[in-house]
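There's a structure below that I have some questions on.
In this document, chain identifiers A, B, C and D correspond to the written order of the chains, with residue numbering beginning at 1 in each.
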Amino acid sequence: GHTIDLGGIFPPLTTPFSPTQEVDYTQLEGNLCRYASIPFRGLVVLGSNGEYPYLAPQERLEVVSCVRRALPRDRLLLAGSGCESTQATIKMTVSMAEAGADVALVVTPCYYRGAMTSAALVQHYTEVADASPIPVVLYSVPANTSLDLPLEAVLTLAQHPNILGIKDSGGDITRIGLMVHKTRKEDFQVLAGSASFLLASYALGASGGVCALANVLGGPLCQLDRLCREGGWQEARDLQHRLIEPNVSVTRRFGIPGLKKAMEWFGYYGGPCRAPLTPLSPSQVEELRSTFSANGWL
Amino acid sequence: GHTIDLGGIFPPLTTPFSPTQEVDYTQLEGNLCRYASIPFRGLVVLGSNGEYPYLAPQERLEVVSCVRRALPRDRLLLAGSGCESTQATIKMTVSMAEAGADVALVVTPCYYRGAMTSAALVQHYTEVADASPIPVVLYSVPANTSLDLPLEAVLTLAQHPNILGIKDSGGDITRIGLMVHKTRKEDFQVLAGSASFLLASYALGASGGVCALANVLGGPLCQLDRLCREGGWQEARDLQHRLIEPNVSVTRRFGIPGLKKAMEWFGYYGGPCRAPLTPLSPSQVEELRSTFSANGWL
Amino acid sequence: GHTIDLGGIFPPLTTPFSPTQEVDYTQLEGNLCRYASIPFRGLVVLGSNGEYPYLAPQERLEVVSCVRRALPRDRLLLAGSGCESTQATIKMTVSMAEAGADVALVVTPCYYRGAMTSAALVQHYTEVADASPIPVVLYSVPANTSLDLPLEAVLTLAQHPNILGIKDSGGDITRIGLMVHKTRKEDFQVLAGSASFLLASYALGASGGVCALANVLGGPLCQLDRLCREGGWQEARDLQHRLIEPNVSVTRRFGIPGLKKAMEWFGYYGGPCRAPLTPLSPSQVEELRSTFSANGWL
Amino acid sequence: GHTIDLGGIFPPLTTPFSPTQEVDYTQLEGNLCRYASIPFRGLVVLGSNGEYPYLAPQERLEVVSCVRRALPRDRLLLAGSGCESTQATIKMTVSMAEAGADVALVVTPCYYRGAMTSAALVQHYTEVADASPIPVVLYSVPANTSLDLPLEAVLTLAQHPNILGIKDSGGDITRIGLMVHKTRKEDFQVLAGSASFLLASYALGASGGVCALANVLGGPLCQLDRLCREGGWQEARDLQHRLIEPNVSVTRRFGIPGLKKAMEWFGYYGGPCRAPLTPLSPSQVEELRSTFSANGWL
């Protein structure tokens, strides 16, 4: 069979909620409609920005189904299927495949991080990849999990025929370069997990990016992707520079509440987060907005 | 109404699994039967040592029901009801109360730790405590959550009439002393979250302890509790000293797989953990065993 | 020969500076005069609170000489002689012994912390202790060095005939208990490195304390020492409780500038710190003062 | 006056020691002689790789004088002049300027890291830059100092006429991009502090690199510099990939003892480090060597 090509930009969709914090599928479809004209390679649902830990298993599956129905077949659908236990992750992965996901994005289990040795994580991912009807992408996001999927585990797992690549949100460009270099003989694709280090990741050989900021500035991120592919590095640099501050503000600084707020300024539905995530204060909104306006986006 | 007195020792029960990693209720009842003769103040189910993140919601409720049926009414049943979202935590807390829990033990949500400000956590716990039919105990366990419930949040929450106290597993004795001192005018009880600093916590004014090691050495821990209450500090010190190494080995060093293995040496059912937690290697078992034998317990 | 008994309280003296940031030996003697009536076991000079990294080698020696001249012979003089290299530490230790120090307090070298393995540190301290004409006390202060002297290194070094004990400022009471327990067959004395966990350390078997707060509240700390030795644990607890907040404010919260400011309220010379340490703002002074007044010390 | 152009590669020289750990100036000159044919922009002496914390003040000055005498005038000499106190740093900076340094490289003071606020560091660097007869380069190396010079401090200091740029060894490419972007209206130059992220830093707009690995593989690093300047990004990527593992092994993994050992394989004098830095074990030497041979350098 063919390997799925992950080259390009994927927005990790936020999950729209109604004022009472119920999943709002209509708004989700509305956003998808607006994203249709942007040349994304595909979409991620239920990544960290999708508030997946706040959704019940049944809700997670319904989100996948909803997005699959609305998404053209040539757009890839990556679905976050990670759970804490191996058995729950397998069950969720199989169900998401049935619901129409093309690829399973599997976050590192982390609650017992002291016990999540390289060996334990290799076994976890191997069992999941063995059982999954769709290809698996590893997902390391230490800002949330306080755990970096060890490089040696990545290199071992890269050899698994059903493991396609990794989304790395840690931002350690040395590690990203090393992953690309050490897996150069495998079909293994590295996705930058944030717009802040997208250009640098491409310069080191990454295939694409899963970028929260693509929920807001999808067009410019696809343009940055294109410039890097075509070798327009000088123009790419200027664009990258203007994206860092907005990106930091919708990730590290203000998180998902900031991301959803910024979406509203660009014509998307943002809406509330589920508690305990709290809305921004007026002064925080002001600070958020200034990172977009100071860089020429508003 | 009366405040529930949390003074004494609580083992945070491990959850027995069969060889196929299904919850084994028969073995759970067997362990409860063996614990019946130890003067525990009560039991905790579905704390971190209960592998709660690996249980489905329905399984969590069944464990509470099973333990409630087997437990004499004069033993307190604390049940871990924390989930990532506020709404899921409320729902789980209400259901566990219906299943017979006396007290809800609510761990800090942590996946979006960057957004878990003191204000966000105060709001989360306040909503849970408002909605809960049973008293709430806060639960801070930074080794798992990478998040310390901020002291200022604890002091605010201590004033809530339905918040009874805190289980603090961080081991910062300065903080424990400060919590006791600053809440001296409230009915707020501090529980040491580990046997390693139990004596020190009592010396600073803690009410009791929730100690993984009580699954294994419940008798000696109740004796330590008694010595501290009666002022036998010199004897208490000698006993505490002999408990640190075994405790470190069943918590930080080898985690739940180590705890379950040690339980078997003392007549309890340990059994496997759910994956991705992995069993100890033979040399790890040897090292674990030596921490018990070198201190005179085996 | 006899082992030096470290039982009791030691203030780690601040180093007085003139308005132009020169060492002010007259003010140093003035403070010593005021401390003479407090039943300290001895004094520490040039610990972290003495701003030792800001003093030239010659200044460090002059401070030792000055204090030795002013100090009655029955008071122990511990002098911080640690440098980054082994050879500089040996040279400084020998010179401080000649200048009248009774004991050398040797902080862990830390700049190359990634290379400071247990083996490297054991070798460092062994060479220093071999060469030193006076006994050595190990000094672990991770808040400054980002390095914890590993427990296994402590246990190995405890067997050295010229290593007397450790000043541990990390505040991990589990570790303190373990050090006391595992060295019970050696003549090895553990000193609590902070007033915040002094009672807890005594309860676990520590010999004494080196407490920044003793520069300010030396009398109450000696009283706490006495209560713990005599078994007055309930009274000790109440006293300990009232000391935590002031102590946190002159250590973690406001550091040496806070400590020096508080000294002035109690009749000692505080004065400025050397830059880049900066004086407190008026609102910080207010906050500092409230931690003393709220606990009945002002 | 003209601004000094820092564009290019600078090896941060190791300091050669004799078998008795005395500075070996003859070997230092020998290495300089070997480096003369490599198109470095200049040299750094007494950076972290120069073991500066292990040298007495007088030794630091002699190293600067020795290198200045041996170095052609068209090669820049950057000298590490940072000390813990502001006054000692100023004195050392002035002396190093007199000894022939072109630029002072000033590491963040770090022992009292809790007190090293952005304001304190701005004041420290401002006083040093005001007093220095030569331009100052900021130096942030969190692996050693556990302190990141805050971005806001960098942006403020970038406006100082005598502050030329920053050597940033933290490896956070987002931060490097942001520094370049936010100082684009100043004459402020960013130097990558490690070969591991050199290409990525250039892609984001850095001016040059101070790379430990340049002590060993100076030619290839200058070639990488040239490729990046000329836009040969594909060839640059392949070269960068082959440099990461050797670089990690002479920095994070094995530190200065590893760096000095590797230097010997390429015709330079390495020699011992000062204690407590310890030589590699035979198996570590083997592992180190394999990172060079596996990437085609040996």
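In the analysis below, a contact is a pair of C-beta atoms (placed from the backbone, for glycine too) under 8 Å apart; a residue touches a chain by one contact, two chains touch by 3 or more.
Composition by chain, UniProt nomenclature: A, B, C, D = 4-hydroxy-2-oxoglutarate aldolase, mitochondrial.
Model, not experiment: these values are computed from the prediction.
Novice: In the chain contact graph, what is the shortest path length, in steps, from chain A to chain D?
Specialist: Graph distance in the chain contact network comes out at 1.
Novice: Tell me, please, which chain's centre (mean of its C-alpha atoms) is farthest from the centre of chain B?
Specialist: D
Novice: How many angstrom lie between the CA centroids of chain C and chain D, rounded to a whole number?
Specialist: Between these chains, centre-to-centre, one finds 35 Å.
Novice: As a quick test, compute the distance in whole Å between the mean CA positions of chain B and chain D.
Specialist: A distance of 49 Å separates the two centres.
Novice: Could you list which residues of chain A touch at least two other chains?
Specialist: Where chain A is concerned, no single residue meets two or more other chains.
Novice: Determine which chains touch and list them pairwise.
Specialist: Those chain pairs satisfying the definition are A-B, A-D, B-C, C-D.
Novice: Which stretch or stretches of chain A touch chain B in the complex?
Specialist: 21, 48, 53-54, 56, 84-88, 109, 111-117, 119-121, 123-124, 127, 143-146, 252, 255-257, 274-278
Novice: Quick one: in the complex, what on chain B touches chain C?
Specialist: 171-174, 177-178, 180-181, 184, 194, 196-197, 199-200, 203-205, 231, 233, 237, 240-242, 244-245, 248
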